[in-house]
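Before we start, here is the structure in question, set down as structure tokens.
Every chain is named by a letter (A, B, C, D and E) in the order it is written, and numbering of its residues begins at 1.
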Amino acid sequence: MIDTLIWLVALPLASALATQLLPRYATAIVISTAIATSINAAALLYAVATHGVMLYQIGGWTAGLGIALRADGLSALLLMMAAIVLLASSIYASAYFNDNPLRRRFWPLWLLLWCSLNALLLSGDLFNLYVTLELLGLSAVALASLGGKTAALQAALRYLLVGLLGSMLFLAGVTLIYAGYGTLDLATLSRVVAAGPIAWSALALMTVGLLLKTALFPLHFWLPPAHGSAPAPVSAVLSALVVKATFYLVMRLWLDIFSEVVTPQAASIPGVLGAAAVLWGSWQALRAERLKLLAAYSTVAQLGYLFLFFPLLQALPAGAARDAAMGGLVILALTHGLAKSGLFLAIGIIQQRSGHDTIRDLDGTAQRLPATTFAIALSGIALIGLPPSGAFLGKWHLLAAAFSAGQWLWVVVIMIGTLLAAAYTFRVLGHAFGQQPYPRHPVTIAAEEWPALILSAFATIGLGLAGAPVWQLLKVSL
Amino acid sequence: MLTAHWLYGLSGCLIMTFGLRAVLLNDSLLQRIIALNVMGTGVFMILITIAYRGPDAAPDPIPHALVLTGIVVAVSATALALTLIRRLTEEQDND
Amino acid sequence: MNFDTWLPLFVVLSSLLPGLVMFFLDEGSHRLRTVLNMSGALLKLLLVGVITWGVFHQHIYETRWTLAPGLELVLHADTLSVLFVILSTVLWLVTTVYAIGYLEKSPHRSRFFGFFSVCVSATVGLALAGNLLTFVLFYELLTLATYPLVAHRGTPEALRGARIYLAYTLTGGVLLFTGTVWLHSIAGSIAFVEGGTLNQLHADYHPQLKVIFLLMITGLGVKAALVPLHGWLPQAMVAPAPVSALLHAVAVVKAGAFGIIRVVYDVYGVEFTHELGLLTGLGIIAAITIIYGSVKALSQDNLKKRLAYSTVSQVSYIALGITILGPIGTIGGIVHLVHQGVMKITLFFTAGNYAETLGIHKVSEMDGVGQRMPATTLAFSIGALGMIGIPPVAGYVSKWYLALGSLEAGMAWWVMPVLVTSSLLNAAYFLPILYRAWFKQPATKWPSEKILPARFETQAALLWPPLITAVLAIAAGMFAASPYSPLEWASLITRREYGL
Amino acid sequence: MNATNMLFLDILLVIALLSLAWATLTATDARRSVILFIAFGLVLTLAWARLLAPDVALAEAAIGAGLSGALLLAAVQHHPRRALSSERQNTGKLANEKQNDSNPADLKSSVAIRWTLTLFCIALAFVLIWALLQALSSETSDTLAQSVSANLANSGVSNPVTAVLLNFRAYDTLLELAVLLTAVLGIFALSEQRTGYLPAGPVFNGLVSWLVPALILMAGYLLWVGAHAPGGAFQAGATLAAAGVILRLAGKRNIGLPVSKSYLNIILVIGSGLFLLVGLTMLALGRPFLDYPPAMAGYLILLIETAAMISIAATLILAFLGGRPRNREDRSC
Amino acid sequence: MNEQLLILSWLLPLLVAPLALFNRHWPASLAAVPALITAFFVPAGTVVQIPWLFLGSHFGLDHNASIFLMFSAVIWFVAGLQAELTMRNAPLWARFRFFFLLAMSGNFWLILSQDMVNFYLGFSLMGLSAYALVIHSATSKSLFAGRVYLIMTLLAESALLAGFLFIYSHTGSLAPAAGQLAGISNWAIGFLILGLGIKAGLVFLHVWLPLTYTAAPIPASAVLSGAMINVALLGWIRYLPVGQETLPEWGSLLVIAGTASIVFGAVAGLVQSKAKTVLAYSSISKMGFMTSLIGLAMLAPEQSEYIVMAVVFLAAYHGLAKSALFLGIGIVKAINSKLTFMLLLLPALVLAAAPFTAGSMMKTVIRPVIDNWQGEWIHVLPILLLTSSFATAMLMVRFLVIMSVELSLRPKKSFSIALPWVCLVALLIFVPFLLDHSFSPVIDSWPLAAVITGSLLLLYIRPPWMYSLPGLIPAGDLLFPMMTLGASARLYIRAFTCRVNSKIKTLICQLNNNFRNLIRFALSLTGGKS
């Protein structure tokens, strides 16, 4: 049972090697790995729900000397989301790269990315986190550059530099922690860490590094070009999972390990930045001329929402209200992950079909692809936060927390952000209506359209209506 | 605390911030990559300094191991970045 | 698990599931779509029949589903919800028939009927909502489902109308949502309880409660088209006729009005609302809306626009009824929910018939249309006379109760003039149409005659729905005092609301 | 060496390091930057040695200064003009920060930003130093180092650094190999190898003919010695790669790497693959992942290191070559 | 059987109406027969309750309703027959008959209804259907008349409804008994007087009446003037607290308004040039008299029983006579013979309460009132009586003068079309003898007799000055100055709003510009797109 943890890392890694060695069978390997890993993630989720926190000591060494893998409700949920998104994107990618020579380069990197994501989410060791961050960053950059055009290369290079800078700052923080507390194990650290210059500056360094990678306003500048010019399945995973993974780390640090160290003033910084991100990202998304850029800026905005939770969670006393808000944060993140990946996949279909993704000229394409348009609509609903999406529940709790904490400013930001999100979503959806001939069948490319549709539907209907277990799972924490 | 700690810790911090400044401000992509490497070196220096326990005591091996890993990671990233730059310039030449 | 617990859910699903299936049907599978549509509608009618019987006999039907800790999705059938559910179910059935006829040869039917069904599911869902959260959920779903319907034509005007519609309703939705969450964080659970529960809150909360009320009523007022939030409604006229019919009679505007009823009676409690001094403000807005809508309707030459402004005016009767403290005014407001629906849907059906059969879109093109399309024009006349408040069409019942209620509540000094003025204005914009249609000589050529007279003046599927609803409108007025009539049901609701 | 001499040496080293770092970072010419960076790396090696970190010193010499330097030099060599040019075509924030002579307004804002960032860096340095000094002066428990030495006997090697790298924190190392693999796969995906150098003259060829075997021999030694003394797979791999680089400079096209694509793939993959295989085998034996049986530990580590060395060397050489092998039959791959 | 007849009385015309659209030869006015039967054979006091209809319906036949139904049914029947005979081949005949039947149904409906909802329903059905009758000729004049009529009718309906609401909220019953009406609010009384006063053509509220009567086809004018106008009296009798309490203010108001109507009707009527218009003003005058009687009843509750009886009888006679006059216009014009003109004299004389006619029976009805009167208003009644008689007599003279001019212009038609009318005239003359055996056609009012004789002489001599007056007051009199006033007010308001509008527009424009500049500025700050 407990082996699921290591298999979550080992299997994608092994498959990555296998696809490099046996490119002819790559698709089969990837799909079976994806299915197996998804089952694995589900098993882990189940195990966490029934047995509580999962701990795996690699090499049999106690955590501290060795490296421990840990899974609590939060990481299990994110792992599950990653599995769902990657499974769907893998199926999609198998059709997307159907006759493209890039395919052989794509699969190993894809699986390495998955491996690094899982490793990051499971890691219980600060330095190991640094290594996983680098693995994640490099595989993401390699994937993002696959498009091969100047714009993609430029974006990838910038992405790489930012990622490296972020990792380096993170490592500097880790160094300070090791200097101050003599440990790298997160569980041990959360016991010994105390407010003071070491903790503060270490946290600051790590946070800035991670925020660079998470693309929190104003450190988001690299994200839109990178996410906007990568191949569709890559964009999906970058927006849905990669920034989420680093966000997960910020959350882990601020809300879990360093929660005693964080002051209200400090917590309001991510809040303010998040608010700015919501407004600026949404505004830019509204002005974007290309679909992918729109989606990318929407990611900037959506990440802002997640950071709005920080001052509120800091302000709320431990108890039911805080737990509820925490669940809201997680479900918002999960919903965004699923919805955004669905959106990017759908955009990819449109882009492939029409050869461009300029919003102004979408009319015919959008109408000839009803299922894809429907997927965009569904994910748009989740991005706006309309019911019954999971984001609705997330925003509900965000607002509720703002009201409970008496921090009214965020309420206004959330309202404006929601309206802007609606504006940019429906700017696109407007193109779906017209008197173009309706295709005979609503679904034309099953392997591409269904994954997009299912991801979006999952975000919009699944998480919204069946999201209650998230709160249950979050009670299982380190 | 040893003098070596003072000296090398301080210079590690300084080298790191030099590097950071250059990453943020430098124009050339290549120099930015170098700056990142320098910055990493600064961090490594801090780690090695931490590990140092005086001339006679055995140093803490863990930071050493970490730095070793760090160096390899840095060179991987550098290689990838350089290739990217090369491809980019090629593409721009083609354009 | 027992049938009673799931019945409300089944009522919602009976249209939702066929709708979702229809999205994925091939465009050509006309017959399957019709079968799905009709069987869904009939099944819903059956289920609603069961519920109605049960609620009358004090049965409890409630579906609960936990969304998150403290957040429950509750579908609950009480007298008020049943009233609205019946209205939507019956009118949906009729509108489906009409829409099948109306969209006979137009493209994108899978999409249209899919959203059409979702729209009705949302309406039924918000009718059955047992708490504010559920209400908000279906309220937004309704917005989403109606947007594609408004934009359906795909013309620039349609898209513009849809965009405006969306801008208004989503803003309203956000306000409602914010208010709801706020209230939830103050008062905890916010189930709809007859008589409301908020009066038990500490007086310190009263200022907050006022702001929340404002937020929620503004949010609901957008859909209910209270002035100055009504701007979307005339724009949404670009939608195909069945959509306009549904939008104006059942789904959207009614959802807003229904929401206001819920908030005032079942969340705040009408006495408590009055205590907070909020009723008067709402009443004044309603009054302004009533007059404003009528005045604007006067100058519209576009038939559907005139009807739209008429809706603006008429729907506020419901809000007016709410603000009249006392059971009789309440009856007037609630019963108007049904009466306006039946009458307005008739009007929109007939407007659609004119457009579809003869290409008539303007009042000025309607000269003598009564000779070419007597049955349609008869239905139109019945609807129009009902709107004016002329018995035996249902409208007079609402007005009678509203006025009486205002007398009881001592508010007659301003309500009665509003009612009288509005009735006269209604007459002023409807009677000229009737005059044109019946008494003027028809033009030598209709704008574009698409359907030639055969056995009927137009297609049967277009003709019967307005006739049926017209008969319903008359029946609701004629048999107002008989058991199970809307009036009696509204009285039952009111008795339960006031604990009489 | 007495303490005063030591202090003198320390100060000298630190000054050299700081000035070299500063010079590297402020050099106007990229080529000069690279050369200064290599020099910086070499001095750094001394510092590492001074701080009793010979493993790191070796790695720095081989990789940090050596191979990185070679990579950078190659980059400068091939694109001297472009590599120096700014991201002028880029739009966005970074581009806005750049100095652009054509626009005085931009220049002004650029100067302002320059100063803000510099001040920020100075502040950061102070905070960093403050926190570090705080950390160093506080008597932190040394439990981790102690438990390393306590468990050294069970690790299968006697060099504590190797023990940490390949046993206690073997998982890190496995992922690190994955990082290397990722980098090389990324490079493969991006571009093809550079065209070869001209064949070298006879003198250089002669040099090559004895230098390369010596380096290979040295790599083998480093790998072997790593178990109980400074050295190990990374240093060995880097040394091997150096041999490859020299061969390349001598104009050898395939520099000893297999021509066949699948063999090349095996070489690239073998490091992490074998590592993973060993780990999973433990799983099959009912032990935790990478939990070597103490009796086998030494051999397993050697096995892993050997495989890792091969992959590392291949990776570094391929990185130096700058892309996937040129292949006539299948240029697209 | 009685109950069924009661319902059938109003239901049959309603049901027959749509059929009449399809068959133009079937004599649809026979639909009034059940009402006739009900009026003459169903005993007063019959009641039908239909709780499920509307808000709970209550039909019944009391004494007053019985008499109202009697004469209304006769008028509808005769007018209907005459319409069948004269208009059958006219254009839009089917439509005319449809609305004729609807109005008929409405009229019977409101007479037979005992609850306010049904009264109101009948009232509006009648009122709105009559609109179609008024505009039948579709000339611009009739359309104008129709518009005025419709507006006033709708006003009347609204006011009536408001009045009913007040009554309902006071009594809690839709069919309040007379006793329950005591103490109803002034609002209720005011609205009832306003609403029904419009219908009754009370002065100031009368503007629609001359226009309408003039514009409508003759059978329509007949029912309008004979049957429909009188429902106002029925409404007042039923729903005002007449006889329940003393209401000096309202009573005197009605008396004064009534008197004003008498005088105004006479004055305006005398200068009219159209026979129909003269009759219309005569109606105003006559209704004024009856209104003031009701006012008196409110002043003196103890007298109300007699007064109400008098009003009912007067209404009946006025209705029958007025419709006979209207119908007579058509007959005279169509047949063009001395005989018909002479026949036309009879209802005119009746209306003027000439001796030896049924009109003088009025005195018999009013005498008990005068005899029993105690109170300060004792002198009013005789004066009113005299004034009214005098006015009516003058107007009748005027009417006959005009008719005599028309006499020689038309072609002859078969006498057969005059048959129903002749019957009506006969009824008018002979019925009093049948009803009241004590009736003695003696001259008991010499001054009146003198006036009438003088007038007849005048008619014979035809002095030239009589022809110079017409045209002084147009039909619809007060409407025109009022419309001028309204039009200028509208102009003024439009000018005012225009000015305000343009100011607001410039303001919005400025704000818009400012906002746009602000956005542009903000964008320039953020460095444009990234």
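As a convention for this text, contacts are C-beta pairs under 8 Å (C-beta built on N, C-alpha and C of every residue); 3 or more make two chains touch, one makes a residue touch a chain.
Computed from a predicted model, the values in this text were never measured in an experiment.
Participant: Taking the mean of each chain's Cα atoms, which chain ends up nearest the overall Cα mean?
Facilitator: Of all chains shown, the one whose C-alpha centre lies nearest the global C-alpha mean is C.
Participant: Can you name the chain that lies farthest from subunit A, using the mean of each chain's Cα atoms as its centre?
Facilitator: Greatest centre separation from subunit A goes to chain E.
Participant: Take the average of all CA coordinates in subunit C, do the same for subunit D, and state the distance between these two points in whole angstrom.
Facilitator: Spacing between the chain centres: roughly 71 Å.
Participant: Return the distance between the CA-based centres of subunit B and subunit D, expressed in whole Å.
Facilitator: Inter-chain centre distance comes to 10 Å.
Participant: Taking each chain's centre as the mean of its CA atoms, how far is subunit A from subunit E in angstrom?
Facilitator: Going by mean C-alpha positions, subunit A sits 81 Å from subunit E.
Participant: Between subunit B and subunit E, tell me the centre distance in angstrom, where each centre is the average of that chain's C-alpha atoms.
Facilitator: 106
Participant: Counting only residues that touch at least 2 other chains, which ones in subunit E make the list?
Facilitator: Expected reply: 530.
Participant: Counting only residues that touch at least 2 other chains, which ones in subunit C make the list?
Facilitator: Where subunit C is concerned, no single residue meets two or more other chains.
Participant: Tell me, which residues of subunit A touch at least two other chains?
Facilitator: In subunit A, residues 127, 131, 134, 138, 141-142, 145, 150, 154, 172, 176, 179, 221 touch at least two other chains, as defined above.
Participant: Which positions of subunit C touch subunit E when the two form their complex?
Facilitator: 385, 389-392, 396-397, 399-400, 403-404, 407-408, 412, 416, 420, 423-424, 427, 431, 438-439, 477-483, 487
Participant: Touching subunit D in the complex: which residues of subunit B?
Facilitator: By the definition above, subunit B touches subunit D via 1, 3-22, 24-31, 33-35, 37-38, 41-42, 44-46, 48-52, 55, 58-62, 64-69, 71-80, 82-87, 89-90, 92-93.
Participant: Residues of subunit D touching subunit B in their complex?
Facilitator: 6-7, 10-11, 14, 17-18, 21-22, 24-27, 30, 33-34, 37, 40-41, 44, 47-48, 50-53, 55-56, 59-60, 63-64, 67-68, 71-72, 74-76, 78-79, 82-87, 89, 97-99, 114, 117-118, 121-122, 124-125, 128-129, 132-133, 135-137, 142, 144-145, 148-149, 160-161, 163-165, 169, 172-173, 176, 179-180, 182-184, 186-187, 190-191, 232, 234, 312, 315-316, 319-320, 322-323
Participant: Which residues, counting only subunit A, touch subunit B once they are in their complex?
Facilitator: 127, 130-131, 134, 137-138, 141-142, 145, 149-150, 153-154, 156-157, 160-161, 164-165, 168-169, 171-172, 175-176, 178-179, 184
Participant: Provide the residue numbers of subunit C that touch subunit A in the complex, in ascending order.
Facilitator: 23-28, 65-71, 73, 107-108, 110-111, 133, 136-138, 140-141, 143-144, 147-148, 151-155, 158-159, 162-163, 166-167, 170-171, 173-175, 177-178, 181-182, 184-186
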